[in-house]
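By letter and in written order, the chains are A, B, C and D; residue numbering begins at 1 in each of them.
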Amino acid sequence: MEKPKIALYWCSSCGGCEESVLDLAEDLLDLAESVDVLFWPVAIDMKYHDVEMIPDGGITATLINGAVRMDNQEQMAKILRKKSRLIIAHGSCAHLGGVVGLANFFERRAILNRSFKEVPTVKNSQGVLPGDETKEYRKELGLPHFHNTVKALDQVVEVDYYIPGCPPTPQLIKKALLAILHGGLPLKGSVIAEKKALCYFCSRKESKPDMIEIKRFKRLYEEEWDPARCFLDQGLICLGPATRGGCEERCIKANMPCRGCFGPPDNVADQGAKTLSFLASLFESTDEKELKRLFNSIPDPAGLFYRYGLASSILKGKMIRQ
Amino acid sequence: MKAGIFICECGPNIRDAIDINDIATFARGLEHVVFTASFNLLCSEEGQNLIERDIKKHNLSHVIIAACTPKEHENTFRKVLSKAGLNPFLLQVVNIREQCAWIIKDRVLATQKAKAMIAAAVRRVALHEPLEVKEIQCESDALVVGAGIAGMSAALTLAQKNRKVYLVERLPCIGGKAARFEKVYPHLECASCVLDPLMDEVLHHKHIEIMTYSEIQEVLGSYGNFIIKVKKKAQFVDSKSCIGCGACFAVCPVKVKNEYNEGLDKRKAIYIPYPGALPHIAAIDKEHCIRFQGKECNACQDACPFGSIRYEETDQIKELKVGAIVLATGFDVFDPKRASQFGYGKIRNVYTSLEFERLLSSNGPTGGKILLKNGEPPKRIALIHCVGSRTKKHNEYCSGVCCMYSLKFSYLIKEQLPDSSIIEFYTDFCLPGRESQGFFNNLAGKEGVDFVQVKNIDSVGLTQRQDNILITYKDMHGKRKKLLFNLVVLSVALEAARDAGKLARIFGISQGKDGFFLEEHANIAPVSTSIGGIFIAGCAHGPKDIQSAVTEGQAAAGRIFSQLIPGENLFLEPITAEVNEDSCSGCKTCVSLCPYKALTYDSVKKIVSVNEVLCRGCGVCVAACPSAAIKARNFTDNQIVAEIQGLLQG
Amino acid sequence: MNSFEPQIIAFLCNWCSYECADSVGRAQKEYPSNLKIVRIMCSGRVDPQFILEAFQKGASGVLILGCHLGDCHYKEGNVQAMKRYIFLKQLLPQFGIEKDRLRLDWVSATETEKFTMIVSTMVEDIRQMGPLVARR
Amino acid sequence: MKKQISIDPVTRLEGHGKISLFLDDEGNVERAFLQVPDFRGFEKFCEGRAAEEMPTLTQKICGVCPTAHHTASAKALDDLFKVEPPRAARKIRELLYNTFMFEDHLLHFYFLGGPDFIVGLDAPKDKRNFFGVRDTLGVDVARKVIEIRKKARELNAMISGSPLYPVCCLPGGISKPLTEEERICIKELSADFVPFAEYTLKIFANVFLKKKEYFDLMVSDIYHHRTYYMGLVDDNNKVNFYDGKVRVVAPDGKEVVKFTAKNYLKYMQERVEPWSFMKMVYLKNIGWKGFVDGAGSGIYRVGPLARLNASEGMATPLAQIEYTKMFNALGGKPVHYTLAYHWARLIEVLYAAERIQELANDPELTQPKVRSIPDNIEGEGIGVCEAPRGMLLHHYQTDRKAILQKVNLLVATQNNAAALQMSIEKAARSVIKGGNVSDGLLNMVEIAFRAYDPCFACATHIISK
């Protein structure tokens, strides 16, 4: 019988999700036996026109990583949606907008000007920007449009499943692929990872007291910390309670607190708001000044609480200036 | 889903301010809405029948009622839904009267807002879930802790209606402090005439099991089903055969201060607190009895004509199952040593009010005679009010009873020593209620009773002058004055019992900053606590006179009667929190937030669970939960978000 | 700008503030129709997510009213509300939302004057601030 | 009537790339452009973030060389907070770093750039990939490659938590020390790194040096450019990945300048082209002369071959032997043949493997003290290291609370950007003639940039000051 057909594509991404597929190691070879990979720019020489040849629904499943930032990425995502029976958002950027989504704190213009006009290393007296009309080959050399807002994949196409993480663990990718190959996929729209938040799986869980009382939040550079005790109990911000489990506690094992790359658990719309909520309840104080001081001891709260989830959060980013 | 919308015109109230037809047509156009009707007065009998009829006729699955505030008729309409065979919680009431008709004069704007509110209600109700009013079986028996006047009233009231009551008392005898008074105001009745019948009834009531000389060790479970561990301390005397003849204390070689007479005289190591103490049974106090210090002594055993002495007796732990608890653990008095200017404990013949009560008492150390240490009756007596009360230094509150009992003292002194002269030093008089002022007026007339107002009590100082006591004070004009007395009574403040903190921890209830147990709500729930099924009465809750202590005892009993009915189940508030075990990560964020201790961390499952009996559905934990693992029934996240969207986007 | 009519979402607790709104109604005191009320059991139920949802869905201001501190029907629910409010207020500027678009206050069931005052001043303030445009 | 041919996307490289060829009426290549159509605008949004978060934030620029960004960032923070990591911490960082270089270079040879030659330039396109390599060299080799890569990943996971994205680096050190058990485990994991590096060099010899047509191709003019070269060197001018001075040599191999990273603004400048999101770095004092090579043009190259050209040898014995071998075989320093990047890369693999072994045997590695706590915030910090694809530089400025105000990043592939453009254009002009275009020929154009192992993900996320 015919092998399932798989495609991998990246939008605005770093390539880490690709690497985590390679990290399937020997499983990669076995998987390669049981599927046909139709499209995978990082690894094989199939081009866009090869993709257009594929009949609609001709791909069993396409894993798309990266956030949607350029219009050509949106188009490609739509094409692949047509060609694929399943679309799987692969990694934090496709799932939540990821780190790239932090760009939604700024306007398109400011971002372009920054890197192509204002930087001291740049010599650009005419103020040329990529995408400006070229003297020769005007049309042919055009660049795709750079959107004002970074979007998660499901904001431009329907997504069937999500593999979370920056990067996803090879285990989860394997789990997803096997489910695709041999059935046993969960409910449509599921995030393929744990249901419970990281706290539940954390090796330091037992050290977390019923009531944490801290006087302020500490910065990571300020002092060393107990490698076995709950980070929050030591005044270090950890997103563990507001972040979906399944990451194999990679950061915790390295003695570093969680930064939330797996996104919020089911039914939480806004990881940042929930983080704020649970942090607020850590404090006994009821004095407004004191509470302000406490909160202000968090450097860059929005950047921290929304490190990976800004683009898919309730506000999606900074309000647009009129 | 088939939603029906009923619009109430509320007579002219809504009709005149809002375009009823306009919103009806608008509502009819909304998704899920299959039926709309408006009526003059939906809360009327007729209106309710109309709703019931239409629900059935159009077999509606959800109902929106646009009318007055839900706080007025939500329950009325819920009942209507039940009658019509719908779950009562598939209802949303839209408050278009208080929030549109009555506060927006512009008919167009009012109608506009009403539309948005109805749209919001439709979005919201679409997400409503049927809720079941859960019931749990419960014990109707009660535990009363403290056999003082408040505890006894609670116990009796409950027992009279055949409730089994366990009455636990720390001391070997019941009656509390009141039982040691000679007379009580306002009618100067003899205390024992008032209390003895009460104590007798308590003592012999078939539904009351008295456990004296006992202490609470542990409280488990919750409203309706408490499990209590009580330690019955060994008394070493067989309560059945002992008649309290006293043969044993005559022979006992050990003498110790008698705390029941405020240490004014001595008792033996085997003793009965005071003549007439009930139950009238001797007890050996292990601390002082030389036999228990290892010495050879059988004096009491040999002397006992009934062979009631049981040296081998040991402490017993008893487990009780009760549905509710009344804490009536009383008070302690302010220790004047804490206010050195009164020289208490150094200067002879200076007494606290409680000591003086014993001096006056016919079963007290002097058999009721007011005598100085030298055996002479006093001629000049001073009563000082507000000792330890109404001062930031000690207790900011007014104990509320000192004025009255000081006046009582004057009456009783005059009765016994007509020629004596009395001065009451006070700053203000606190004489509330029907009887107090008269009580004062009668006394004020009496010869040899004077009242001296001082600027503040802290300005009063006592010093020993030979056998006499010199009182110096500042009068209202700030002038220093001196007077000489031979006996002084300090009207000390009533304070939270010394062991209040320990009890609060055992029962999991809160204390005020003054140490007294904290009520659930000062005005509308004065005898209940933040923990369901635990009630407070008497001075454990704050300084009180006998009358109020009795009232609270009976009130607490009333609360129990109204909620715990034998054979009937306890109905639980359906709008509570619910933990989704699959999503809870056991991060414990919620645990410390719950004021009712309804959330507990299960260290085996490593997650949190809600005790629905204790939960009141405030939703604080829901907002805090970073995993959205807690659901607030009928106020779920998506219901509220849907409502927000409706209000903003129609 | 002056023609701009802000929408304000108000979260009112069942016991004091919602009761107060009812009293205002009963007293037939007028206040701006811009205020749209969401009834909750306790101000402590207000999840910061609700506030962000309101801003995202077109509210130009959000008001939370609870029982006075110490009078909370649930003892300290309003304290929790206050903590989250203070935290969120500090966060909003990073999202380009002025702090004053979010307001928390305490009203007892009888403080009808205070209620109408809060509402009308807030509507006025926010009318001055102008509309918010959320990303889509 | 002009004809346009586009290779879209360019494949077997990191990130988005597109090649547009324009043929004249004779069907010869008039112009060729390498376009990078993606841009994430990382630059702006790092402003306002907390400095200590930068090592884990900026590494998301590139999932292929995250460790390089993580390390450069950490070193910038050491500078920013004026803290010197304890010896153990520095060595662990170096171990982490060399393991990463080892793994990343191998990845390129077996998965990205290598297959063209291992499988064969004439092979059908659906074979020119790792699976083709598996079929050519046999499944055992394929499994061995994967096993080695896995071991390298495990090693790094042990040090840094994640096999892919390290999270361990903090200003003044790292988050956790290594235990003796872990050190032993590391020794075992890395035991066959050196042998495998040598084995890989053998494969290279068989493929390139023994096959005459490939050797000729390597030394042909198609893939030849006389440019400047830049790389980090230690005090003895030996190649060093983790630290050192920046050394630049001229097309004739002579040193033109040697500077500390702190002064980079004096020497480096960037150019913007409207047809690509990738900026192009060139030597400031020589200046931009267009896409031309030679001593007169500021265009320089970085990466494996550049590092070897810019240095005077390797710091480990076996690698040093291979170093001499290469320059002898290719006619002495400097080597201007683009395809020689493949060879240089494998010599660096051997160097990394040897360095890993040295460090794994270093008793200091397991000292408990791995953090120095800063006591002041300097407000400015610059960190540099050699990413697989060339020099990488992070430059931060913060306020008193260590919140980032300005950030500047110069990324490996940007340094090569101009050279890349030259290379594909030259290759295109040489291989496509008379309108004769085939997949094979187009791939001949692609191999021109694959040799550089470019990373366009990196190159378009320059966080700029």
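Keep this in mind: a contact is a pair of C-beta atoms (placed from the backbone, for glycine too) under 8 Å apart; a residue touches a chain by one contact, two chains touch by 3 or more.
Bear in mind the structure is a predicted one, so any value in this text is a computation, not a measurement.
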Sorted by label, the chains bordering both subunit A and subunit C are B
If you tally contacting C-beta pairs, which comes out ahead, A-D or B-C? Let me know. A-D
Report the inter-centroid distance (CA atoms only) between subunit C and subunit D in whole Å. 55
Inter-chain centre distance, subunit B versus subunit D - centres from mean C-alpha coordinates, in Å: 76
Per the centroid of Cα atoms for each chain, what is the distance between subunit B and subunit C, given in Å? 35
Between subunit D and subunit A, distance of the C-alpha-averaged centres to the nearest whole Å: 25
Of all residues in subunit D, the ones touching two or more other chains: 48
Can you pull out the residues of subunit C that are in contact with at least two other chains? 47-49, 53, 80, 84, 94
Send over the residues of subunit B in touch with two or more other chains. 593, 623-624, 637, 641
If I apply the definition of touch given earlier, which pairs of chains qualify? A-B, A-C, A-D, B-C
Note which residues of subunit C are touching subunit A in the complex, please. 47-49, 51-53, 55-56, 69, 79-80, 82-84, 86-88, 90-91, 94-97, 130-136
Per the touch rule above, subunit A residues touching subunit C in the complex are 104-105, 149, 268-270, 272-274, 276-277, 279-281, 283, 286, 288, 291-292, 295-296, 300-303, 305, 313-322
Of all residues in subunit B, those that touch subunit C in their complex: 69-71, 95, 97-100, 102-106, 109-110, 112-113, 116-117, 120, 521, 530, 575, 593, 595, 616-620, 622-624, 632, 635, 637, 640-641, 643-645, 647-649
Give the list of subunit A residues in touch with subunit B in this complex. 195-200, 205, 208-211, 240-242, 245, 264-269, 274-275, 277-278, 280-281
Which bits of subunit B are touching subunit A when the two form their complex? 582-589, 591-593, 601, 606-607, 623-629, 637, 641
